[in-house]
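Accompanying notes for the structure given below.
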Amino acid sequence: MSMSTEAVSPGRGWRRYFTWNTDHKVIGVQYLVTTFCFFLIGGLLAMLVRAELAQPGPDFLNGTEFNRFLTNHGSVMLFLWIIPVLAGFGNYLVPLMIGARDMAFPNMNALSFWLIPPAGLIMLASFFVGAAEAGWTAYAPLSIQTPVGQTLWAVSVIILGTSSLLGAVNFVTTVFTMRAEGMTFWRLPLFVWGMLATSLLVLLATPVLTAGLVLIAMDRMAGTLFFSASNGGDPILWQNMFWFYSHPAVYIMVLPAMGIVSEVYPVFSRKPIFGYKAIAMSSMAISILGLTVWAHHMFTSGMDPRLRIPYMISSMIIAVPTGIKIFSWLATIWDGKIRFTTPMLFALGFISMFLIGGITGIFLAAIPIDVHVHDTYFVVAHLHFVLFGGSVSAVYAGLYYWFPKITGRMYDERLGKVHFVANFVGTNLTYLPMFLAGLLGMPRRVSDYSPEFTTLNLLATLGAFLLGTSALPFIYNAVVSWVSGPKAAANPWRALTLEWQTDSPPPAENFHQPPVVNSGPYDYGQPMGVSGQAQAVPAVGD
Amino acid sequence: MREATRSADEAGMFAAGVRLGLDHLKLGMWLFLASEVMFFGGLISAFMHFKVNNPSPESSLLDVVLVGLNTFVLLTSSLTVVLGLAAIQRGDRRGLIGYLTATILLGTAFLVGQGNEFATLYRHGITLSSSLFGSSFFTLTGFHGLHVLVGICWALSTLVKALRAGYSQGSYLGVEVFGLYWHFVDIVWIILFTLIYLI
Amino acid sequence: MRERSIFAIVIVSMLLLVVGYLAATQLNLMPTQASTRAVLVDELFHVLVGTAAVVFVLVEGILVYAALRFRQRAGDETDAVPIHGNTTLELVWTAIPAMIVIAIGFYAYQVLTEIEKPAPEPMVVEVIGRQFIWQFRYPGEGVTAQELHLPVNQPIRFEITSGDVIHSFWVPQFRGKRDATPGRVSEFLVTPTEIGTFPVRCAELCGPGHANMTTQVIVESPADFQAWLAGQQ
């Protein structure tokens, strides 16, 4: 398998986005747009689920249908939206930010992308043959008994894992071998650090999920007995393999998001990031600690009681590097000159909502509380504050922030702010009531509930529909601005990182001259008014 | 569009990685192998979990001597890869071709040996679905066999390139990267042999 | 001027934090306490809610204050004063959260030890989850029921397993759940302290009927319990 074959000619115009194209910028856009479509599908599934739950009693979905929508909502959102959309940002930005012409393996990069649409179609097509209905966690032995769609689900997730894995190989290799002259590790933008930390997790954790899914698929198709309790098989084995990946996966979904907001705060505060090295290293710390906490999802499983304590402690310790980041961000905006652009609003929203997800994580790590709230709506609220209030806010921040760079046009600020407000209110309205529902006794993944939870559920459903609607101004804004928005300058935000030191959108191979870096990525407020990392471009060259 | 992956020397100022002394194809391979370690780690954990908690008398049917011989065959194939690489580094293209051919033959011999072992076990009624031992044994060794098969295919394509004079004294990266993979598959087998047959 | 305003901010925020902590620990967000473990779990929970409220108010307060106070002034296109870091401050916000989580971890460990301390003579009840019903067996009595009856103030050891897929046995008012996993028996200790009827719910997705896999637990006086038991035999 040769990765270094001649790159395919890029072509111009919109058609290139539908081809096998090896330009990382084209691939980045392919990722962003495709995954956003899956986001909309996942969102529609969520709204169907919430509609069923607006009132107690069976309304229009039976238990099986409900479980199918629920399972695919989770799977689509995690495997086809958050993880790959962040890889999409990585694709577009990492080479630009480190001053490279492209990724290290352009063809493999195109392959990473082109695995996604078929995998997504396989997952969704399974609705025609009885979709997966065992939750995104696919706990055995339920996931061994469900209809054939569950096999398609496993195949789809294996393909998506492979895509993610190839991407991670590419990111790490690119960052290690393709940096521009002068781009030392301590001058890497924090988004690149986030991608690096994430890629290491993907490399080490994803294959274990793949192995687990292989065992599930073998049990279903080849008659193996891994999870068949009556033959001595062990359902808990799946939980270990699943969470060994799926807990780190939370950090795979969060670390690049933290990287995105770390780019946004300094630019719109006109101030250097506070504690650059601490933020970079806390990403690595989260990444390493993240591999040691998986069994905190299994405190109620009847696992060896002695083993629970180290998992509780390691899970709580993760709050420390996370706290370092949050305080560093606050110190970054403190005494700055803050501009409330849409990306900055989403980035500030990120802190405020991710914080709630983070704090409630401590509750879940504390075993005595966890055995009460585990598998309840408390967990649903917690994970959505992390992934929706956190990651999705950061994704929106990133989409607005790099919109002028990617499209060469400006988006509409007013619509952006409408989007932010609707999204912020919708998120809190949807997920805050769920904390209470969970504490009071509502299990998660139920298609029906006791009438005592009606008000809380109605609020959550209203919030979910507000959230769904809030995507409309964004879509309108993105489409109209991309087609006919005002032309954007190369560096409309006066940012210092390398991606802004080239045209909007960047030319083929990114830079007219190979950039030479002689300063940090966030050196705002320097007396000489340094204009960017590429200040001294002509130093070496032709 | 130029290749983004051309060699570091050629790329001049983009060659920050040269400082690490790493070619990115080799680095990419190492990273991929790290993930393969975790994949086999998952399957091995499953196997060991059942071996420890549900010991099976069926494991006594395993023929350590024959499989030991097979192990020797696979180890030899690693040696031939090393010798092939050494040959091309000296500029000895015919040596490379010879050693690659030997590698392919040895790898195939290993697979034949494994097929023979599987057939014997099947005759004793041990299948994927007969017992947990069968499930975990065939899955683990089967996936290793699959990796050997991929390695043989890769060796074939390397051989074809060698026959077309695609490698020379100054350019043998493809052989090196293939070698990384092949040695990895070998090392995994040594671990499997120890865990399945020896302890 | 600057020092005085910092001093004022510190005093006001300290006051707010104390008030916040006290107020938050009074919040009642949990269902009725119907077991001994519920009391201990809720104490831990309230301490956590109080701590969380302080952290929440602190961070969101700084965020909102900074956003209002440090807005760009119209026409000011200059950069802010560059500050790259402050080692003391960074050490403080590493060390303090570390101490807080270690303290919480230690406290949680103590509560865990306490709620899982085996009682001298527990009554054993076997719990079997099946798609989509619960079965309760009283060993030695020859009684199997689909509704759980328990004598009040009697330590119970549930032995929980499943006949098919994984379920999870949960009584919210007891503050705890344990998975019912096929092929293994998990223990769960509870001493009910309140006479009353509480829901039993399945907390692990187990198939189309998962939501309706509910029954009730009736905690009654020992005499009532014995009468019920006799009636079942």
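So that you can tell them apart, the chains are marked A, B and C in the order they are listed, and the count of residues begins at 1 in each.
Convention: contacts are C-beta pairs under 8 Å (C-beta built on N, C-alpha and C of every residue); 3 or more make two chains touch, one makes a residue touch a chain.
Computed from a predicted structure; not experimentally measured.
Viewed as a contact network, the protein chains form an open path, each link joining two chains that touch.
When chain centres are defined as mean Cα coordinates, B lies farthest from chain C. Chain centres here are Cα averages; for chain A and chain C they lie 28 Å apart.
Put simply, the C-alpha centre of chain B and that of chain C have 49 angstrom between them.
Between chain A and chain B the centroid-to-centroid distance comes to 34 Å (mean Cα coordinates, whole Å). Annotation for chain C: no residues touch two or more other chains. Along chain B, no residue makes contact with two or more other chains.
Shown for chain A are the residues in touch with two or more other chains, namely 232-234.
Within the complex formed with chain A, the residues of chain B that make contact are 1-6, 8, 12-14, 16-17, 20, 22-25, 27-28, 31-32, 34-43, 45-46, 49-50, 53-54, 128-129, 131-132, 134-136, 139, 143, 154, 174. The part of chain A that touches chain B in the complex is made up of residues 1-4, 6-10, 22-23, 99-106, 165, 168-170, 172-174, 176-181, 183, 203-208, 210-212, 214-215, 218, 222-226, 231-234, 237, 240-241, 244, 508-509, 514, 516, 540-541.
Contacts from chain C toward chain A in the complex involve residues 29-31, 37, 40-41, 44-45, 48, 52, 55-56, 59-60, 62-63, 66-67, 70-73, 76, 78-86, 89-90, 93-94, 97-98, 101-102, 104-105, 108-109, 111-112, 115-116, 160, 164-166, 168, 170, 172-173, 175-179, 181-187, 199, 201-212, 214. Those residues of chain A lying in contact with chain C across their complex are 62-64, 66-67, 133-135, 137, 139, 141-142, 145, 229-230, 232-236, 269-272, 274-278, 300-302, 305, 308-309, 312-313, 316-317, 319-320, 323-324, 326-328, 330-331, 333-340, 348, 351-352, 355-356, 359-360, 362-363, 366-369, 371-372, 374-376, 435-436, 439-441, 443-450, 523-526, 529.
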